[in-house]
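When the chains are written out, they are named A, B, C and D in that same order, and each has its own residue count from 1.
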Amino acid sequence: MNKTPEQMNEDLLRPVFHTTWRFWATVGVLLSVIAAAGLALSYQVWNGIGVWGIDRPAFWAFDITNFVFWIGISHAGTLISAILRLANATWRRPVTRCAEVITLWALMIGGMFPIIHLGRPWLFFWLAPYPNERGIWPQFRSPLMWDFFAISTYITGSAIFLLYPIIPDWALVRDKSSGWRKKFYTVVSLGWRGTPKQWNRLEMAMKIMAVVIIPVAVSVHSIVSWDFAMAPVPMWHSTIFAPYFVCGAIFSGIAALIIAMAIIRKALGLEDYMKRLHFENLGKLLLVMSLLWFYFIVSERLTTWYGNEPSEMAVFWSTQIGSFSPLFWTMVCCNFLIPVPLLAIKKLRTITGTVIASSTIIVGMWLERFLIIVPSETHKYLPYAYGSYRPTWVEITITAGTFAAMMLLYVLFAKFVPIISIWELKLGERKPVVSPQLSVVASDLPALAEPTGLATDS
Amino acid sequence: MTAIYGLYPDPGSAERAFQSLRRPPDGVDVSDNDIVILSSEPFEEYEFGRRGHRTVMPWLAALGGLAGGLLGFLFVSYTQRAYPLPTGGMKIVSLWPDGVITYELIMLSAILTTLVTLLITARSPRRSRKLYDPQVSEGKILVGVVNPAEASSAGLERMLRDAGASSVVSCP
Amino acid sequence: MTVDLDRCTGCEACVVACRAENNVPTAGPDQAARQRAIHWIRVERYWEGEFPNARLRFQPVLCQQCDAAPCEAVCPTYASYQNPEGLNAQIYNRCVGTRYCANACPYTVRFFNFYNPVWDKPFHLQLNPDVSVRSVGIMEKCTFCIQRIKAAEIQAEAAQRELKDGEFNPACVQSCPTKAMVFGNLNDPESEVSRLSQSTRGSKLLEEVGARPKITYLARESAPEEGGATS
Amino acid sequence: MDRRDFFKISALTGATAALDSCGKPERQLIRFIPEEDLVPGVATWKPSICTLCPAGCGLIVKVMEGEAEVVRNGKLGLMPMGLAKKLEGNPNHPVNQGKLCPRGQAGLQLTYHPDRIKTPLKRSGERGSGEFQEIGWDEAIKELAAQLSALQSSQESASLAFLTSPLRGQRRELVERFLAASGAPRPTEWAFLDDAVLRRANQLSFGRPQLPTFDLAHANYVISFGADFLGTWNSPVAQSIAYGEMRQGRSGRRAKFVMVEPRVSLTGANADEWISARPGTEGVLALGVAHVIIGEKLRPASGAGGPAALIEGWPQGLPDFSPDLVEKRTGVPAATITRIAREMAGHEPAIAMIAGAPLAETNGLWSAMAVNALNALLGSVGQPGGVLFTPDSAAAPPKPSQASREGLPQPLQALAQQALSGRPNPVKALLVHDANPVFASPPAWRIREAIENVPFVASLGSFLDETSILADLILPDHSPLESWLDDVPESGTMQLAASVAPPAMLPLHSTRAMPDVLLDIARQLGGPLSAALPWKSFDEMLHAGFVDLGERLGTTNAKGADDFWKKVQAQGGFWATETKLAAPKDPNSVGRAKAVAPSDPQFQGDEQGYPFYFLPYASQMLYDGSLAHLPWMQETPDPLSTAMWGTWVEINPKTAARLGIRQGDLLEVASQHGKLRAPALIYPGIAPDVIAMPIGQGHESFTRYASTRGANPISILAPLTEPETGSLAWAATRVKISRVGEGKLTLFGGGLSRFPHEIETR
């Protein structure tokens, strides 16, 4: 791309400074959806969780499905951007921030469900370890407590990881803005000036974070999977779950990222920054994950089928040919049959192509979470205790609300923060210079007359 | 505080200014600590961009992680002993689950240590704080000296200009 | 506890007795249709074969009071834990309603209060004062009538004597007409329940899951086609 | 479901008294002084008697202090009183020995039922409209007395009819005396599941008009022809206790149990072998077995004695009942018949029992006698491990009835005829007590019209059911726990037993026990009535009766009378401790020697038009429908179908597949006498040509829990009867079925078999 730093500033700061009617319209629509979900939620808290469709034995359904789904989505950002940073993939620069934001918001939304799905949500704080009048600490053997720690770690890490590279950009906004914005950004940019030391520490911190956040991300979704794997329930109690979930998480994460980028790109007119190249590369990643996902589900199903353990087979058949089979095969189409050709054939791996693939994958992955949870619950060991599940409007509204919330938070973020990391972008645009000597040569030949430049530490 | 600095359009000239400031001609004396460099992006590949490079941040992070993990484990096992309730036929202090929590706490404290280290180290030294020029945000690189000696200020200005500054500012 | 499947006739006296003793709420037709009826003990029935050789087997299923109970370890608030006597206790006041225990339970014997229970007046007068009523969002399950256990222990203590075997029984055991259920102290080798649990007909429900249940099921026998009584 | 309700409940139960929220109506009520001394939190156990079925089990009631809203001299207020909390079997009672069936457990809810009639009611709207106005007791009694004295003064006492569920003990005595003294005919007793046929058969065969008691505990072989003796028939608890012993009570010995019925019942589910014989041919099968036993000389034909003398062709060795012929008629393989015969003969003592559907055929009496003969042949009558009779229960009701009059009382359908036709004399006044014939009789009998045809109808029931809603005057009865009770178990024990129990708790509402109402009326009317019923209250009558019994049995004398009376009250009854087995009398003494010719069962509906036998059966939870108003019974899953809160139609899987019927489809079941709709339930244990349906649901009006729920199989039954006893042949209807849409079936249980996925993968 051939954009001067000034142009970049101009393009990327525009969304921050100028607010169009489209912004307000979007916010309005999203807010109304969220309000509906809020009402549904309060209705639930007031009357009891019975207003959901959950029953015995399907004690978990949409609630935990959404939980797992959103935590999965959260693996879009931090993990991917961390990997790309460590791999020093130069094309990452316009992508990373979009990605990291998804993580933060998705975590917040997902992390909400363990609370609102409680039978007595007003007592959620009993899960937190603090000295209390009940004289009893939480049960650290419970995977739910692991969730509590893993998710809070991950959310802290991701927030910080996201914040670090924003600071210089906020400083930039500070210099460019006036009035309340000036005050606001002066505060949030933490007195950033850009001394080499600051830059160095910042980048060092980024490196450490990138190293730390990857194992955290992996652990988070492993633990989410252990919520199921630790319970002796047919098809839950499985060793493959942790990697299977992590894979699925990254899978759905990338899909979410692609969709987000496509929207941003159109909405904020950043066509020149997020180009087909990015979608293609992410598309390739997505393709890999799709194949990997398929590999996992095949190995899971195959081992189950060979094992032929009666209670597991009950679950197995209910998904293959039983009552859940329509959902199951839809999922296979959404996650594999449709995306793979779209992503594998170069002709189709366009922006539109990848976006279509991603959308089906989002649907497919939501179904996957659902199909992991409910069929096992409704087909436990004793056939007499078999059951079924049908959602009510409450759960559906709340689920819709989560998606709206995601978009709203995203829109607001793009309002207050340049959605592309400007300084990193500039850094990327600069011709990479390996050593100062060369740089001097490269920068200006006349200077050769002067010995000083060459004399430096040679 | 008084200061004198030049704004440079490109890293090359900034590098030259920096080099000249580090080896000032007679009559001009500049202490290394007084040299200030501000840029809107890191210039790792230039020497001026590598000032104050040495840091123990990774080690601190590692240490913080270990400390946090240790405390975490102690905390968890303490609470389990404090109100011992047998469940699931497991030991009161059962290592596998505690391990998971400990692991997460290691990571958390590593992250937080990093954050703290960053906030502290990135702001020192505090003496030259005030010196700033919004033009840095335009991509200009600021190379300057704070509290220059009266005598050498003229020399400094020349040096900065010779290095190819687009403008040289001196604030009284 | 031991359950003799050869004695059990599936009459469900135990089911109603439990309901009466433990203030189990009535879900009502609508909630029952949504699979929310609560029966701490249930008599499962399984068909085998087809007409004219169709056979039916009954199997009362209640909380198995497992030694390695999957429900306990997963509860974040210790609402479900193993009490000193080895029962899976459920502390209603600690329960926040994650419903994790119910999912972890291989026997699906845990029941959830999806709403606050209602008793059309004056049905509330029949509630047993010794058993607390469970509010919305709380998990409940068979307690082996712990209120009866405690009462008997207190009386024995007051009289400074040991509890006698069969001195008291949970509601289900007490009502069972065929004496299919026997309740007692497994730690006491002399007790009838200890003796029966050693029976060659004995087995545990879903032993393979490894929850180490405390209830022993005595298998149903079948008479040989030729010749009537087995002797 | 609002929080406050919960708070009230929990506060009242003392579970979470701290949560008690303020401003509740309770707080504004007056507080009465307790009428009994109570220790809060301490349970006292009081004896009582279960009245929900004719078994007559003894109860002990857990009574604890609680605060109830009660009406005292016209004011509503709160009173701390002893409240019944739990029913258990009376450990000392010879019938149920401390055990109790699910129905008995739920008896508690009769007392606390929200839809109980709380005060006397006078009809204010159209008949059947259910519009009543509350009146005081004095007015109610006066009203009823006026009606009766009007009849007397106009010499029309014969036009007074009394319709009741079968009565025993002093209640029967009271009613009989009341009617006799007022010149009215004997009470018409009605219960859908009556055993009149079996009683008659036993009278003919053994001279005992009584239900048998089986010594299962010592039997080595049991064959049951349709007798649901573990579920709903005769004395289920007593029989279950014995069954448990028969299975595992004797180390090393375990009796074989064979069930003969076209649809696996709760009892059949426990059988070692299930044989499906064509409905109505059970007697034939029994004689087939007898044929083999005689033929193979396993027992001497002559050994059968009296009972056999009543079976045509017995002396000739039952030529018409060779296994092959029997196979043709019953559909049971000849080989099986022979095998069963040998097994039975080889494992004495062996028991053959018959009840339920086989007796509800037009040839029921003959079938019963055939089985009796088989028992006699096996020599198990009056023997340990065989068929026994509770010591002469006729002697047991204290004071043999002075009022006992010749001739059987008028059967229900005859009464209906009389009410409709007015011949021989019109029915001017009808008293209904605890019977609901409008619900529980075939439509062809036109009971509803009959009752509507009676100028004055008074009900002594506790609930507004289909019958009492037609009444002009309702004098609500106490709940059993609030009343003085007595009972004389007809069977289920080998001891002479007469139970009695004082009220377990004070009445919650302003109700009055039926006997006391009759005594009040008698007092009001004076004359012969008050002479025949000299007692002030029912407990006085019981006192007198039991003291008299004690004296007659020599257990007490005039001096010890009061102690005796206290003792029997305390232990819940009187029972002779030593076991005396009552040997059956010689049937000829009953004066009937001529043998009965075998007759084929009649069915209404031809095989083409109505391809299925229709088999209604007593529901394990709702019994004959009289318990449908108890939420506990409604919500307890039926043991075999696991269904709650509704009815269903059981159909064989293959038949269903052939007709394209799936589980839960709404079916229309039509007979010549009507049709009903209910969801289909695929039922592996039923013959392909039989459709079964539980009795109990389908009430038009029976409290909030039962009204308009499910369908009533009785409403499509043909009015066929067993000719000699005139009791309803409720298993003699044929039906056709058709799928009419999607139905609603609420099941508690999921998978039908242990490994359902294997079916799924087929």
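Please note the rule applied: a contact is a pair of C-beta atoms (placed from the backbone, for glycine too) under 8 Å apart; a residue touches a chain by one contact, two chains touch by 3 or more.
Quick caveat: nothing in here was measured; it's all calculated off a predicted structure.
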Computed over C-alpha atoms, the centroid farthest from that of chain C is that of chain B
Between A-D and A-C, more contacting C-beta pairs sit at A-C
Centre-most chain by CA centroid is C
Here the gap between chain A and chain D, centre to centre from mean Cα coordinates and rounded to Å, is 67
Chain-centre distance (mean CA atoms) for chain A and chain C, in whole Å, is 45
Whole-Å distance, C-alpha centre of chain C to that of chain D, is 30
Dist(centroid_CA(chain B), centroid_CA(chain D)) in Å evaluates to 91
Contacts with two or more other chains occur in chain B at residues 85, 87-88, 90
For chain A, residue numbers touching 2 or more other chains are 47-48, 50, 136, 138-139, 141-142, 145, 383-385, 387
Residue ranges of chain C touching at least 2 other chains are 42, 44-46, 70, 73-75, 78, 115-116, 136
Among line, ring, star, complete and other, the chain touch graph is other
Contacting chain pairs, sorted by label, are A-B, A-C, A-D, B-C, C-D
Listed in rising order, chain B residues that touch chain C in their complex are 85-90
Residue positions on chain C within touch of chain B in the complex are 66-70, 72-75, 78, 80-82, 212
The chain D residues in contact with chain A across the complex are 1, 642, 749-757, 760-761
Within the complex, chain C is touched by chain A residues 47-50, 53-60, 114, 117-121, 123-124, 126-127, 134, 136, 138-139, 141-145, 148, 227, 230-233, 377, 380-385, 387-388
Within their complex, chain A touches chain D through residues 47-48, 50, 310, 313-314, 316-318, 321-322, 379, 383-387
